[in-house]
Amino acid sequence: MTLTLLLWISVLVAAALAFIGDWRYAPEVNIAGSALTFAVSLALALQVYQTGAFLAAGDFFFVDPFNVYLVVLTTFVSTTTAVFSRRYMRVERDHGRIGPIRMRFYHAMFQLFIFAMLMALLTNNLGVLWISMELATLATVLLVSLYRTPTAIEAAWKYFILCGVGIAQALFGTVLLYFAAERVLGEGGNALLWTNLNQVSGQLEPTVLRLAFVFLMVGYGTKVGLVPMHNWLPDAHSEGPTPISAVLSGLLLNVALYALVRCKALVDGSTGTHMAGNMMIGFGLLSLLVASFSMLRQKDIKRLFAYSSIEHMGIATFAFGLGGPIATFGGMLHMLVHSLTKSAVFFSVGHASQMHGTQEMARIRGLIRGNPAVGWGLLLGVMALAGMPPFGLFASEFLILTATMKQMPLLTPLLLIGLAVAFAGLFRRVQPMAAGHIPPWQKPLAAANLPVALHMVLVLLLGIYLPGFLATWFQVAVGLLK
Amino acid sequence: MTALDITGFSILLLLGGAIACPLLARRERLLIPVAFTLAALASGGVILSGFLTLSQGLNSAATIPLGLPGLPFNVRLDPLAGFFLVVIGLVSLFVSIYSIGYVRGYLGQRPVTPLVAFYLLFLAGMLLVIVADDAYLFLVAWELMAAASYFLVMFEDERAENRRAAFLYLLVAHVGALAILLAFGVMAGVATGYERFDGYTFDAMRGAHLSPGWSTAAFFLAFFGFAAKAGVIPLHVWLPEAHPAAPSNVSALMSGAMLKTSIYGMIRVGFDLLGEFPWWWGGIVLIFGLLSAVLGVLYALMQHDLKRLLAYHSVENIGIILIGLGLSMIFTSFHFPALAALALVAALYHTLNHALFKGLLFMGAGAVIQATGERNMEEMGGLIHPLPWTSALFLVGCVSISGLPPFNGFVSEWLTFQAFLLSPALPQPLLRLLFPLGAALLALTGALAATCFVKAFGVTFLGAQRGHRKVEHVREVGPAMRLGMTLAAVSCLALGVLPTYAVGLLDRIPRQLMGGHIGAVAGRFGWLWLTPASAERASYSGPLVFCVISAVVAVTYLLLHVRGASIRRAPLWDCGFEKITPRMQYTATAFAMPIRRVLGFLFDIREQVELISPVNHPVMADHIRYRLRIRDRIWGWLYAPQAKAAFWIARQVGRLQQGRIQIYLLYSFVTLIVLLAFLG
Amino acid sequence: MSHSLVVQLNLLLAALILLSSFALLMQRRMFAILHIFAWQGFFLGVSTAIIGYASGVHHLYLSALLTLAMKVLLLPYILYKLILKLKIRREIENMVNVPATMMIGIALVIFSYHLTEPIRQLSVLMTRATLAVALATVMLGMLMMVTRSHAVSQIIGFLAMENGLFFAATSATYGMPMVVELGVALDLLIVAFIFGIFFFHINTTFDSLDVDQMAKLKETD
Amino acid sequence: MSLHPLFIELLQVALLIALAPAFAGWVKIVKCRLQGRTSPGILQPYRDIRRLFIKDVVLAQNASWIFRFTPYLIFGVTVLAGGIIPLISTDLPLADTADIIALVMLFVIIRFFTALAGMDIGTAFGGMGSSREMMVSALAEPAMLMAVFTVSLASSSTSLTRMVVVMSQGEFVIRPSLAFALMAFILVALAETGRIPVDNPDTHLELTMIHEAMILEYSGQHLALMEWAGMMKLTLFFALGIAAFVPWGIAAGGQPLALLMGAVLLILKLLLGGVIMVLIETGLAKMRIFRVPEYLGSAFLLATLGMIAFFILE
């Protein structure tokens, strides 16, 4: 009940905004819609907390601790992003970078995007999961090219094509999965239901599933932004409007990883080997290394953080690939705190680039003096991203690293190198931007500080105190994925 | 109210203060005294609790319901922790008092609220590190400390070199922290095999029995991490950058207290968590200690920035502490608990002493810099006249760090020597032969340190003003700063004159860790004689040295002044040389020249002399231009190549992404095909 | 219509589809490409219908209709209009050396045959033989996207992949569940809508649809 | 009957203070004889000191309290050292105040403050003297410690009295290690007391002087104290050598006869030692400052050899 309500709200708000999206109070409507979904998702979470995992709408939807916390996360971040985008888009409109129609389009697509992700998270049907992933992509493609600049169009095109192809491969994988399932569960819709598949995963044909997972890995991996299928990500993040960058790397990547993890659970369950896990370890590690080294040479601030998203997704993928209670726990925690932190950082980045009228890091200076909230937000956010305690990312990296030390000690040097280089890459860029004197070209700005503050407080809390229910959820989810 | 409560309360006080600081951001003139008094009070509490723990040999633990599920924050106080609480507490007490005056100097120049807030946070972090009893809390505190001090180093952030220093510092600290993390990972893994979270408590790690290979890995990972923080050569590069960059009260705290936390970490991991180890671990620690000691002091000798010089001396003293540790480890592994105890006590005592006199010296340097607005010694000179207090207190620091009796530096170095001289007991003939050489190196270090501080004090305070700035406008610093320094100086003297009491207290720590202890105090008038090992082996009496010397001095002075000897002031004689100018004095660079000439091969020196003559003929030269550039070789050997390699790789990685979409498609296509071919 | 006949027909259509995708790979001229694509869609639709008839899985009729409607009529029509509008009728694009592409294509077919071998062993469906063709179509579609530098032909390559997927779905499992089919179709519609917009933007900003000039965003210097 | 230790202590210190100038004078005499000059007689140092005490102090204008404090401190430290080293008897209350390592550090105090005083009056000479003095001492320190260490190995103790007791009470054995150590000790002692070939005590030739350069600005009582302390230091180094290497005759207890015996023997040893030193001094030439490292290096080498010899041969 709450569940369908959740989805309907975002659809309806999207539809409404499609018409009134350029109205003065459209941003407020947008915020209200997101806030509403957030409230409902909390109710849903409560339900799960009380009754545990359950099926809804027949067996079309499946809610368990693993996806419900992502749902709450999604709605929460979408709300804060809406709050941020109110200020941000107003400035953009005042600078005349986008007109009323595009404003409408932007708001509508934003909500549609949220809907797509919620659908992908909640559905029980792998086919529908695939469809909503595609939908999420398509909803954001035109947002990336919202500014109509040559580079924006180029980025959007790459995003469109690469993710399209990737997702197509994922579909082939799904087909194979269906083929394998059908022979056990018989013909018909419920052969694609994850719950059923998970029950019989032992009997699924390993050869087929191995084949299927390769396609799923490459397919969904493209959307997670795993090297070497990552090339769309920096472009899309750097060219789109900042709120979109925030939700892209804060939420979409998570959802894609979620899909991948669900499939991994099936495949390793069936093959009985650790092949899927190893594949994820490989991709994760490669992404971590490549991304962290790429960070060293960035000039564009949003590209920098796009690569950091790749890096962190790499870590999370690595953790899930590693398996085992602590690593998986760490992976989930990492998804959560990373999306909180990264979106917060993107908020600060957005304001910073608006203050200086450029995304070129060499020209962004003296933020702390210019606008303390933005400056400190950026600096602390980056500290969190770099894995400094007491922020939450440290907790997850702590678990993941120590788990690696036990299970695959020989990989720890690589992890160390990756993390260290990423740290250096982030700091040597961000520090001069935050510190120092105010440059003449910097313009004052009324920033939306609430979202950043909210996110950072949460990240801080998660670093020093992990609430019990979340912990138990993660434990349960770990059990499910075993 | 137990010792642990007092500590916890103090820490909460500091954290609360840090959070509350922004409230007073508008009224900084009020904020400074309030906040630093708070800090001083907290430090006092910490000293008290640490002292109680140490003197009564308490061992109390507690858990705080925060942190990860199944892994609440565990805290514990045992003699070892108690001792380090005392060390940090003392330094922070003195420095906090000093800061009341020092930080006021920034008013009007820049907002000091961040400085105050992060100062409090920094203190809290260090204290948490000491009381932490599980890997997670330890690392959180460790990095909290690093982050806070990073912001403190970056306080004067408009200077590019300060930013660079801060960045370098944070990078090294973070890499070190990761290494420590992995070390804990190894131990926790063996403890509970990663199925549960409670393997991360130190108790579980104590219980775990590691295979030699694993424990070696754990120890050296931890050693690397802690060494990076302690500034052990070759991981010291950040230290001489960060200490000068930071405000002086912060450098005092960093050098006096923060470096000690890494010593604490080494002892905790080596002796407490791991327990038994082969002798060569100690050997390696010893070697790094000697290396840091000698090179540290040599590099210090080449500096003419007062704070850089002091920073390099921190490297040296950490080296001396490590020497003690290494000896203690070796003795432990050969099962000589008493000797191990002696070496450990020496190390711990030097830890305490270094905390005090280095704190004092940095405070003094801060006073000088604030009074003159100058960091370069070549511009100073003759400051003893306008700065009587500061100079006298600084001199105490110099004497202590040079290891001259009856001050504290001597006692700990003397104990270390004794530990060295006990080596004939060792079964390893090779070690027996090599140890004395180590002792000789230590002696060299001591002598060079004396040289360096003759230079530091002489060039800064004595002689005549060298630079272009006038001495007249220099005023003595305020009472708060003087009080802070005086307290530090007094405790330096006290620890030097009455070592037996302190050593008696320290003796509880080896008892806790390795069950051995030294007969520190022997015979009648025990408090008078410090006799490690045995009375006829070696003995030292601080009180007597102090009393006899001062008595003789007093007597001679009186004898000579019964008939008021008239003292006539006259211009310099200088072998009858007439027109002598301040420019003719020895500069810091000139003073270090002989050593530079003798041991130059250790440095990367560029020296060029240029004769400038109107008629270009060297003999007719009317003035000479002299250029000297001394670099740390280690940077060129170790760090520059790494950076180069990283950027090279980055360039290669960049090639992956060259813009054409077909290529990107090809990547994903090829990936698919390859995976299918090999896994499908 | 006897069972074997159906199978043979199906195989024939499969062969035609494979052929058409090779043709797509080779063909230089826009309109020709368009036609071939339409034909491929047609073969696909027919084969789907036949399979539906033979296997008695009746929702396949619907999906056959969908296919015909979209892949034979709608999408080609849209593309046709766009090509006219954007005046790229005469466009002859230069391609990387054709024989090599040929060889690679054949290699891919063999590879996909080898890959689908185990599945063919497992499957009991009469269409199991065609799965290899489906996979090959997907791969050839990708190959086409890799080798072509023209936006339109890239899109067609993409759509050809979709065809392959669809064909795979029918031949491996007599089609995905209905809801999925519909969803895919919907997505396809949106895709069409989006690339339509894109063609306009690209053409207006770069005044040509050659994607090679869209290589500003890169890490090399 | 036996004298009270405290009395012995006072006696020894008094003896040292009284005899130090005479010893310096003796050294001068021997040197003059060897160089074919007529000597001013053994009492000359006393006369010098008296003259200086009578004279007023002339202080340089910018001399600080350090400059004035140093002479007293140095005198005090030297006296303390005199109370620690067993000259005539081992039964000294102060003997346990410092073992040999601490004793060496006491001498470092002297050097440290002399160097500071040298820099205090801001002349080029002062700085030069301090700088060179500190370098020499820095290089001398390890050699000194090695020698000391080798000696302490024999008696497995660093307390001087203990060493003396062990060596003079125990049966006599030839120790190659001690021979090496003795040579090293002599070399170092020459450097530490500022004699040729490292420094030249009786020159004011700018470029060769080290110690003189530092005390150049001293005058009157201050200079007197400095000179006197210098003589005592010279004597003490001999006493140290005697106690460490040829301690025979130093009384174990407080019997007056033994003490007298000890005193006589001490004086004889000192006279002999003086001659030996003069022979070395006249035999060698003052070396360039940058030859000193090699000189002290060889001292270090000898000391190390001594130690190795101990472990290998004994």
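Which chain is which? They are A, B, C and D, in the order written, and residues in each are numbered from 1.
The definition used in the following text is that a residue touches a chain if its C-beta (ideal position, glycine included) is under 8 Å from a C-beta of that chain, and two chains touch if they have at least 3 such contacts.
Here the structure is a predicted model, which is why all the values come from computation and not from measurement.
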For chain D, the least number of touch steps when starting out from chain A: 2
Centre distance in Å when chain B and chain D are each reduced to the mean of their C-alpha atoms: 36
CA centroid of chain B to CA centroid of chain C, Å: 70
Between chain C and chain A, distance of the C-alpha-averaged centres to the nearest whole Å: 31
Where chain A and chain B are represented by their mean Cα positions, the distance between them in whole Å: 44
Sites on chain A at which at least two other chains make contact: 157-158, 161, 165, 169, 211, 234, 294, 297
Per-residue multi-chain contacts in chain C, two or more chains: 115, 142, 145, 154, 211, 214-217, 219
Residues of chain D engaged with two or more neighbouring chains: none
Which pairs of chains touch, using the document's own definition: A-B, A-C, B-C, B-D
List of chain B residues in touch with chain C within their complex: 653-662, 665-666, 669, 673, 676-677, 680
For the chain C and chain A complex, residues of the former touching the latter: 57, 115, 118-119, 122-123, 135, 138, 142, 145, 151, 154, 158, 161-162, 164-165, 168-169, 172-174, 176-180, 183-184, 186-187, 190-191, 194-195, 197-198, 201-202, 205-206, 211, 214-217, 219
Touching residues (chain side chain A, partner chain C) in the complex: 125, 127-128, 130-131, 134-135, 138, 141-142, 145, 148, 150-151, 153-158, 160-161, 164-165, 168-169, 171-172, 174-176, 178-179, 182-183, 187-189, 191-192, 205, 207-208, 211, 234-235, 238-239, 294, 297
Residues of chain B defined as touching chain A within the complex: 66-70, 135-136, 139-140, 142-144, 146-147, 154, 157-158, 163, 166-167, 170-171, 174-175, 178-179, 181-182, 184-186, 188-189, 193-195, 197, 200, 217, 646-647, 649-651, 653-654, 656-657, 661, 664-665, 667-668, 671-672, 675-676, 679-680
Residues on chain D engaged by chain B in the complex (per definition of touch): 53, 56-62, 64-66, 72-73, 75-77, 79-80, 83, 94, 96-99, 101-102, 105-106, 108-109, 111-112, 115-116, 118-128, 130-132, 134-135, 137-146, 149, 152-153, 156-159, 162, 204, 206, 216-217, 220-221, 225, 289-290, 293, 300, 304, 307-308, 311
